[in-house]
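These are the structures in question, set out in turn.
Same chain, two partners: chain A is paired with chain B first, then with chain C.
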Partner chain A sequence: MKPLFLIVLVLFAVWSGWRVFRVDSMVRASFSLLLSFIAVGVIAVILSAPYIGIATIFMMAVEMMVMAIFMVMFMMNPAGLNPMMMVHQHRFAIGAGLLGFAGLAAAVLTSDLPLAPVPPGKAVVADLGHELLGRSMLIFETAGVTLLATMVGAVILSARSGRFGAADEGSRPPGLAPGGEPAGRRPDESGGHTHHHGGHE
Partner chain B sequence: MMLSIVLLGAAALIGIGLYGALSQQSFVMLMMGLELMLNGALLAIIGFWSLSLAGMPEGQLLAIIVMAVMAVEMAIGFAMVVAVYRKRQADVTESIRTLKG
Partner chain C sequence: MLLLFIAVLVTLCAGTWLAAWLDHLVPARSSGRSAGPLAPFRAAAATLVRPRIETEAPDRMIWRLAPGWYLALAAVGLSVVPFTSAGALLDSPVGIVIWGSCEALTIVTVFLHGWAPNAPFPLIGAYRYAAIGLPIMLPSMFVLIAAALPAESLSLLVVVESQSEVWNIVRQPLGLPLFLLVGLTLTLRGPFDFADSADIAGGTSAEDSGPGRALWQVARLAMLVSFSAVAATVFLAGPLGPVLPGPIWLWMKTAFVMALAVSLSHAVARTTPSRMLTVIWVVLLPLSFLHLLVAGVLAL
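Moving on to the complex of A and B:
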């Protein structure tokens, strides 16, 4: 019963991962990825790692909601009404993906995997807590500091005002056609000092 | 047997993620590929911890570190996407050819 359920969940995780790059709407893609993460979380719960599994599900649910908002912001194809296939170096990418899978699968199938399952009744969550706040506390704290640095970095990267003035000052958007007029807003014209007046020539 | 199934699934997720990260033009879809690869790594870690480490707590710690890496990748990645869009009005990789070799 348990192996069968596990096989179904693994297949579902892989299938929904595959759907991420097959669906036409980017929002649907991010929810496909969320399904894949949830399947992995349930697998973790089945494989006696309840804390990791539940934490994965909660964290990924929030993360994919944020992702969906970004998807809407940068969406090429609203609502998935048109077929979407935005790829480059497609054959190379398929080859690399297949090669990666084949290599890892060969490593799995040919190596002698050690078998030592978690003993039933072992207090795994308590073990994890003692590990996090005991011997591995430095690693745990390092992860915390890394997340703090990430927050600072994300704010600095995405803020409009940089250290030397506005971050987008002097930027010139690419043209709609190669070498054509810049698309969207024109930050160059808002400054005033680069403005060319009619009678100066 | 069960460990092989889990690891093969993880290998498939990593392969699909690699395909996505290499083939997608849109920055956000490219990051979905990276996330999918990390998902496969997480699955492999959970499988190894549960079925061949006899419940050693360091395995769970590694899974938590991978989850922190996912959060960092998402946050910094999206911040860079916003910064690039603000500077170049670009949201596909083809629009940034300045660093192309």
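Moving on to the complex of A and C:
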């Protein structure tokens, strides 16, 4: 029963991962990836890693929500529901994909995987906590603080408000054709004054 | 096992009805009108007979499935709650994290429910909700971790056992008020209803009608039941209590939290999303961090 369930979950994870590149919207792609991660999380739970499995589902739900918002925000497709092509740089992508697959497959085949089943009464969650806050604490804390600094930096860089005034002040939209006129409304050179004088004449 | 399954099912159904009745009762009390216990069924029947609305180029699959996902998340959330001191239907060493995942997936579900119809008001509701729902996850996690500290475990059963001497609401008085705000967000209620509120014509449900709308409303109420049961377990010692059997105590405490949440949602006004974001990041987040700090020092 357990192996069959595992196989179904693995197939579902691969299928939903494949869907990420076949659907035509950022939102659909993000949440297809979430489905894949949920399947992986459940696999971890079955393999006696309850904390890692459930935490994967929790973290990925939040993360994919953030990712969907950011991708829609930075894409030319504002609502995320209009169809768009999700893949680009085909040749490079195929090469990188094959290389990645070969590398991961080699890692799986050459690493020494444990065969003994986890004893039922083992406190796996407590063991994980001791590992994270013991031997591996330096690695995790370094990674955590680096990520936090990156996030703070990204927020500061993308914020409109800043030390030297609004970030979009005096900015011009890119041209419709290469090197052409900027798109959108042209800023009025002399502000509201022209209109004011026009009224007097 | 079968008994626990039936208990979860009965709690979900009866709790949903009670929540719906309370929702009719609280505004009726202030306006002087009466609302009988059958009022929710009349409202449900009226919703069910309405025809379905079709929008232009929606994502039909997600639109139809979202209410079901919401209901499923409520059911999973309730099944980690221990009904007796013997165990829960989903007895996991990481019960609190399972509930946390249900919270996070609820935000995704509400967003998708607003995104799928491909219509302006639902989409505005979806984005507003995501902006409020994501930061509210942080106080939620801090509050739940604080409750797990004295128990030294993420299992809800152990969290209940740790409250046999003194309840968490006494030990950590800020916990329940902060968690109630999380509950209002999860069930799209009152001051935290930025998804389905009247100011954007019903938000993510603006294009819902007929059975789909009815199921979505039922799922919202079911999520209120699950949230109340989790709050009762984490802060009010769940099934622990003298004389009466465990499930009765859990039901009474759940009903109490539910009444609290419903009256809060009808009594407090909603503010603009931007102002609410400031409140969450500047007030609620530091407050919950302080709460975790105090709980941690006390637990040492």
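Everything below uses one rule, namely that the second predicted complex is superposed on the first by the 122 of 201 C-alpha atoms of A that agree within 3 Å, B and C clash if a C-alpha of one lies under 4 Å from a C-alpha of the other, contacts with A are read in each partner's own complex, and residues count from 1 in each chain.
Definition applied: contacts are C-beta pairs under 8 Å (C-beta built on N, C-alpha and C of every residue); 3 or more make two chains touch, one makes a residue touch a chain.
All values derive from a computational prediction rather than experimental measurement.
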Discussion item. Once chain A of both complexes is superposed, is A:Ala61 in touch with chain B (first), chain C (second), both, or neither?
Written reply: second
Practice prompt. With the two complexes superposed on chain A, say which partner A:Thr110 touches: chain B (first), chain C (second), both, or neither.
Written response: neither
Worksheet item: Looking at chain A, does chain C or chain B touch more of its residues?
Response: B
Practice prompt. Quick one: classify A:Leu34 as touching chain B (first), chain C (second), both or neither.
Written response: second
Worksheet item: Is A:Val20 in contact with chain B, with chain C, with both, or with neither (first, second, both, neither)?
Response: first
Worksheet item: Between chain B (first) and chain C (second), which, if any, makes contact with A:Tyr51: first, second, both or neither?
Response: both
Worksheet item: Which chain A residues lie in the overlap of the chain B contact set and the chain C contact set?
Response: 51, 55, 66, 124
Response to the item:
Touching chain A in the complex, chain B uses residues 1-20, 22-29, 32-33, 35-36, 39, 42-43, 46-47, 49-55, 57-58, 60-61, 63-65, 67-68, 70-72, 74-76, 78-83, 85-95
Practice prompt. Spell out the residues on chain C that touch chain A in their complex, using ranges where they run on.
Written response: 57, 59, 92-94, 97-98, 100-101, 104-105, 107-108, 111-112, 115, 118, 123, 127, 130, 134, 137, 154
Item to complete: Enumerate the contact residues on chain A facing chain B in the complex.
Response: 3, 6-7, 10-11, 13-14, 17-18, 20-21, 26, 29-30, 33, 36-37, 40, 43-44, 47-49, 51-53, 55-56, 59, 63, 66-67, 70-71, 74, 76, 86-90, 92-94, 96-98, 100-102, 104-105, 108-109, 113-119, 122, 124, 127-128, 130-132, 136, 139-140, 143, 146-147, 150-151, 153-158, 160, 167-168, 171, 173-174, 182-184
Response to the item:
The answer for chain A against chain C in the complex is residues 27-28, 31, 34, 50-51, 54-55, 57-58, 61-62, 64-66, 68-69, 79-81, 124-125
